[in-house]
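Multiple structures are listed underneath, in structure tokens.
Each of the two complexes below includes subunit A, the first together with subunit B, the second together with subunit C.
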Partner chain A sequence: MITLVEAPQSSEPPATRTRTRERSAAWKRRAPLLPALLFTIAVTQVPFLVTVFYSFQSWNMVRPGSQHFVGFDNYVDVFTDSVFLQALGNTVTLTVVCVFVAMLLGLGLALLLDRKFLGRGIVRTLLITPFLILPAAGALLWKTTMFDPSYGLLNWAFGIEVEWLSDYPLAAVMAQIVWQWTPFMMLLILAGLQAQSREVLEAAQVDGAGRWRTFVSITLPQLSRYLQLAVLLGAIYIVNSFDAIYLMTQGGPGTASTNLPYYIYQRAFEGFDVGQSSAMGVVVVAMTLIVATFALRLMFRAFDVSRGVK
Partner chain B sequence: MTARTNRLGRGALTGFTWLVALLFVFPVIWMVVTSFKHEVDAATDPPTFAFTPTLEQFTTILDRGFLPYLANSAFVTVLSTALVLLLGVPAAYALSLAPVKQTSNALGFFLSTKMLPIVAAIIPLYIISQNLGLLDNVWALIVLYAGMNLPLAVWMMRSFFLEVPTEMIEAARVDGAKLPTVLYRVILPVVAPGIAATALICVIFSWTEFFYAVNLTAAQAGTVPVFLVGFITSEGLFWAQLSAAALLASLPVMIVGWIAQNHLVRGLSMGAVK
Partner chain C sequence: MAQVAYAGASRVYPGAHSVRAVDGLDLCIGDGEFLVLVGPSGSGKSTALRMAAGLEDVDEGSISIGDRDVTHLPPKDRDIAMVFQSYALYPHMSVRENMAFSLKLRGMAKSEVNAKVEEAAELLDLTKYLDRKPKALSGGQRQRVAMGRAIVREPSVFLMDEPLSNLDAKLRVETRANIAALQRRLGTTTIYVTHDQVEAMTMGDRVAVLRDGVLQQCASPRELYDTPRNVFVAGFIGSPAMNQLTLPVDGDGVKLGELKVQLPVRVEPGEVTVGIRPESLSLVGEAEDGFDLRVELVEELGADAYVHGTLAGRADKVVVRADGRTPPRLGEAVRVALRDTGEVHVFDPESGLRIGAE
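After this line comes the complex of A and B, so read on.
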């Protein structure tokens, strides 16, 4: 799936005895890694394989004994299910918009913080706080104290009367997620800004480059690695958004704000349809893998993984 | 541009930064304020800014049985983090200072597990937990949270291990130090702050996790996010109580996060950003 950096192979030793010794040495080196590896396989990979198995079964949890093999029927159902397609669309919209908006806001805040001023440490601490609020608590607070049509702060502050959660459910959920994730983007971009060399920036100013010119020609290119990373990591977390939808809109009204995690949850725990929800899970993983193959490459470049591999 | 307008401009920018920060964090400030209100002052139009503070909401929350949820959260968080360190520290060592041949493969594998959507595994996890009698049991969450945080921890701790100067290790070896001594005397002092930071990040993620908690636990093993779900139906009537619960539920993580803020990015980016 990924192009990996191969470690140089050691030349084959002539005698068998040294070979056995080398092999046992190799196992000794591997030993500290194995528990973690086996644990991760057991906890994350095995359940997924079981999901694949379930996806070929027709099985409703409330009807014991209903389990039987149905081949690809569940997959056919999934792709002809209009709610699934809508949830897919919502997931893409939610992920793309939230990542993009949070990144832009994060960039703005990071630029504001990238200078010395009175109370900078306090401002930074304030700005990261939304990220540290329990997401479930954040979602409930936004639903009530911010978005409530009668007593919410938003309608009061703007002097309007909008039913945020029923008229703009997806936008409302996205606003909450953006609020939660902007601090993370800000911290990441701030780290990028502070990794710039001061000399280069000063040299540019001595050469008569204005602020904007310096930002576009020097800062932005240097920042691109951090921006890529921000997009990638933000997407990994935001694509799985569940708390905000579960607590704020329950996917509604109707299915207007249902995303894939929430829809799969509904099919499994409210519809008790093991087969179909498993098939959806497999489809989601397949799509994620396609995106991830591309993303992992980027990631390996950003992480500079070859460092320390001897 | 004169020095004076320059200073004025800088002052304005500082003021603007403060204003933006306060606006951005306002929902949190409002949560804290509301948690000290009587219910009659909590949901009003226009919002009430002057009121007699009360601790009534906090005692109500405790009466509603908040403490067992808090205890579950603490137990799950501490034990899953301990499990992550137990498995993760040796793995990070094997992938940095004594690298095995398939280092990149192993790192890629850990990373790829973070890209698997967790919904894809919830059905088997539910059925397996049911068959093992682990539904609504803290141990199911401990194992799953360790699995969720381990890749992050391995990547992050690896980046800390790579900062140990190899000359130091070689010098100790030349002096005749055995591996345990090198580990304890040379490597540990350098990586200890990094391990602590990793642990704090695992704590944050375990404490705030929602999806597994809601689907696999209920009254017995429920964690604080599960307690908050109880407010979904009583919305509109108990805002002060909700705010108090939200504050109590978030406070431990807020404190940990403030302490670890310099390491947050490193953890979330799996060590990619120093």
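After this line comes the complex of A and C, so read on.
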């Protein structure tokens, strides 16, 4: 990319004067945005700083007056806490599997929707609905109508008696999340498919490529941006999953389906351990930042590759 | 190399009002021939071409390439190469990969693929750009890549759909000549779609004129110009368009203002449509034989000027070619003479067909 705009550089007094004037004009333009900015800082950055502060304190709300500074003790505890590590593992599994499966399903459905058939509009709307249902409602729906051992649809359909939520807790939660996020992936990928030039696909056909070959050599590479975007957005949301776990398994049995947000919630609001949960929160934010920056950088590089040569 | 034959081929788009985009097309393109399909927008040129490519169904009739009936074969089994109006280059592939794609699909050895691609690049002056992506090329270069992608395959038929319409006027003239020369050199049967009649007249061995999906005439450019089969072809070929006037028959001729025009063919009493090209008319002095014209518009093109006017005493518009150095002024009355009565085309006013054809 080329940067054409350069700050005016001159040390002469008149130029300085115009610059100050320009700057004040710029601030005037920004002024209407300030309330929103202040609000954002107040509700995100301030709590974060407070959390960082708490993370260096030993403070359990059950024992008033116990609050005192402990340095990095909380962080040491966090990394030696086997439940935290398990929750971390669960979070990674949950995120990777859900994003991957939802994307594959979304890709499949998008490919099917990308062709003409009778009632396509209706089918598309129906396929989108899981995404429009409140996450909490979706979780309850899966917990009761699908997974319930005595009257759940799954057991009825297969004629079996499985305690889905206690035998396969993580898988059950993942099923719900995949169900919820597949439409999102599908919509993004469908947009990508429909942005393809029809003539390019026809050119591939004339060049001798069959369906599969066209898909692999032409469609997929052109879709890669959309897939990356889908992965990034999906991962950001799914890492934070809470509703499904809270409502379906309560992180159980034991800690089998506990993920980080849920574990932090437990430590803070069931264990009332403000210091420990704050430390965990800070660790999670730090890790998310690292992963997201890494992913974002990768993604922007991909964007640049296709834009830079215009 | 092969010939292409449409036999009563039709494409009917279904719907409440089904559209016969191509209607019973009978056309045979000889081996090595350069055939140009022309017609106004929406006349079914692209559809006819895409039928030959296999990108559009053939609802009636059949199409054969060489001695194979390809009516229901998929595009990849037809041994054709197509150049699209938008070029349809693969955006994520370099120029080299674009050209090599079809060869790789055929399982050709890598060294052989490279040799062929480089040969084609040489021919089209693309060697410098082989490792660029299409986005980093100018329109003319992209057009050449599209051509290159077609020629590396050495297909038996080239199909081109308005390949020059995205180029500027100068580049179009240049590329037009290049494509024609390339085709002569390769000797590959070519169907070329355009709505530009200059392209049609200069490039084609034969030109097929389509209108609403129906073939009007297919002949050499000269023949099309000299003996158009009907008023549509007469009006479509030639620029500016032929003057067409429907006049009552007066003995063995018609009266154009004061000018009695002897018709080159025998006509029944009644009315006829006469067609006279602007270049068959000329401005003459007051005293000479001719008819009077009131000048309404003068188009000066440098060498020539086209004088648009109305026939004195009638509403008919007439265009006359005049010398570019001494054009008449607006509102002036000028005298127009006919160069040669043999250049008058006569059509039946009802059917629009040429009278005295064959």
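Just so it is clear, the second predicted complex is superposed on the first by the 278 of 310 C-alpha atoms of A that agree within 3 Å, B and C clash if a C-alpha of one lies under 4 Å from a C-alpha of the other, contacts with A are read in each partner's own complex, and residues count from 1 in each chain.
Following the convention adopted for this analysis, a contact is a pair of C-beta atoms (placed from the backbone, for glycine too) under 8 Å apart; a residue touches a chain by one contact, two chains touch by 3 or more.
Keep in mind that this is a model prediction, so the values were computed, not measured.
Colleague: Specify the outcome, clash or fit, for subunit B and subunit C once both structures are aligned onto subunit A.
Modeller: Once both complexes are aligned on subunit A, subunit B and subunit C fit side by side.
Colleague: Under the stated touch criterion, which partner chain does A:148 make contact with: subunit B (first), subunit C (second), both, or neither?
Modeller: In the superposed model, A:148 contacts subunit B only, not subunit C.
Colleague: Determine, for the superposed model, which of the two partners subunit B and subunit C contacts more residues of subunit A.
Modeller: Of subunit B and subunit C, more residues of subunit A lie in contact with B.
Colleague: Which partner does A:119 reach: the first (subunit B), the second (subunit C), both, or neither?
Modeller: It touches subunit B, and subunit C stays clear.
Colleague: Should A:131 be classified as contacting the first partner (subunit B), the second (subunit C), both, or neither?
Modeller: Once the two structures are laid over each other on A, A:131 reaches subunit B alone.
Colleague: Classify the contacts of A:213 with the two partner chains as first (subunit B alone), second (subunit C alone), both, or neither.
Modeller: second
Colleague: Which partner does A:222 reach: the first (subunit B), the second (subunit C), both, or neither?
Modeller: In the superposition, A:222 touches subunit C alone.
Colleague: With the two complexes superposed on chain A, say which partner A:204 touches: subunit B (first), subunit C (second), both, or neither.
Modeller: Only subunit C; A:204 stays clear of subunit B.
Colleague: Report, please, how wide the angle is at the C-alpha centre of subunit A between subunit B and subunit C, in steps of 10 degrees.
Modeller: 80
Colleague: Taking the superposition on A as described, I'd like to know which of subunit B and subunit C A:109 touches: first, second, both or neither.
Modeller: In the superposition, A:109 contacts subunit B only.
Colleague: Please provide the least distance in Å between a C-alpha atom of subunit B and a C-alpha atom of subunit C in the combined superposition.
Modeller: In the combined three-chain model, subunit B comes within 6 Å of subunit C at the C-alpha level.
Colleague: Pick out the shared contact residues on subunit A: the ones touching subunit B in one complex and subunit C in the other.
Modeller: Touching subunit B in the first complex and subunit C in the second, residues 306, 309-310 of subunit A appear in both lists.
Colleague: Going by the contact rule set out above, which residues of subunit A touch subunit B in the complex?
Modeller: 1-2, 4-7, 26, 29-33, 35-37, 39-40, 43-48, 50-51, 54, 109, 112-113, 115, 117-119, 123-138, 140-146, 148, 150-151, 153, 156, 179, 182, 184, 187-188, 191-192, 195, 226, 229, 233, 236, 239-240, 242-243, 246-247, 260-261, 264-265, 268-269, 274, 277-278, 281-282, 284-285, 288-289, 292, 295-296, 299-300, 302-303, 305-310
Colleague: For subunit B, which residues count as touching subunit A in their complex?
Modeller: Residue positions touching the partner: 10, 13-14, 16-18, 20-22, 24-28, 30-31, 34, 43-47, 87-88, 90-91, 93-96, 98-128, 143-144, 146-147, 150-151, 154-155, 158, 162, 204, 207-208, 210-211, 214-215, 224-225, 228-229, 231-232, 235-236, 239, 242-243, 245-247, 249-250, 253-254, 257-258, 261, 264-265, 268-274.
Colleague: In the complex of these two chains, what residues of subunit C are touching subunit A?
Modeller: 53-55, 74-76, 80-82, 84-86, 88-92, 101-102, 105-106, 132-133, 135-136, 149, 153
Colleague: Which positions of subunit A touch subunit C when the two form their complex?
Modeller: Listed in rising order, the residues of subunit A that touch subunit C are 197, 199-200, 202-210, 213, 217-218, 221-222, 306, 309-310.
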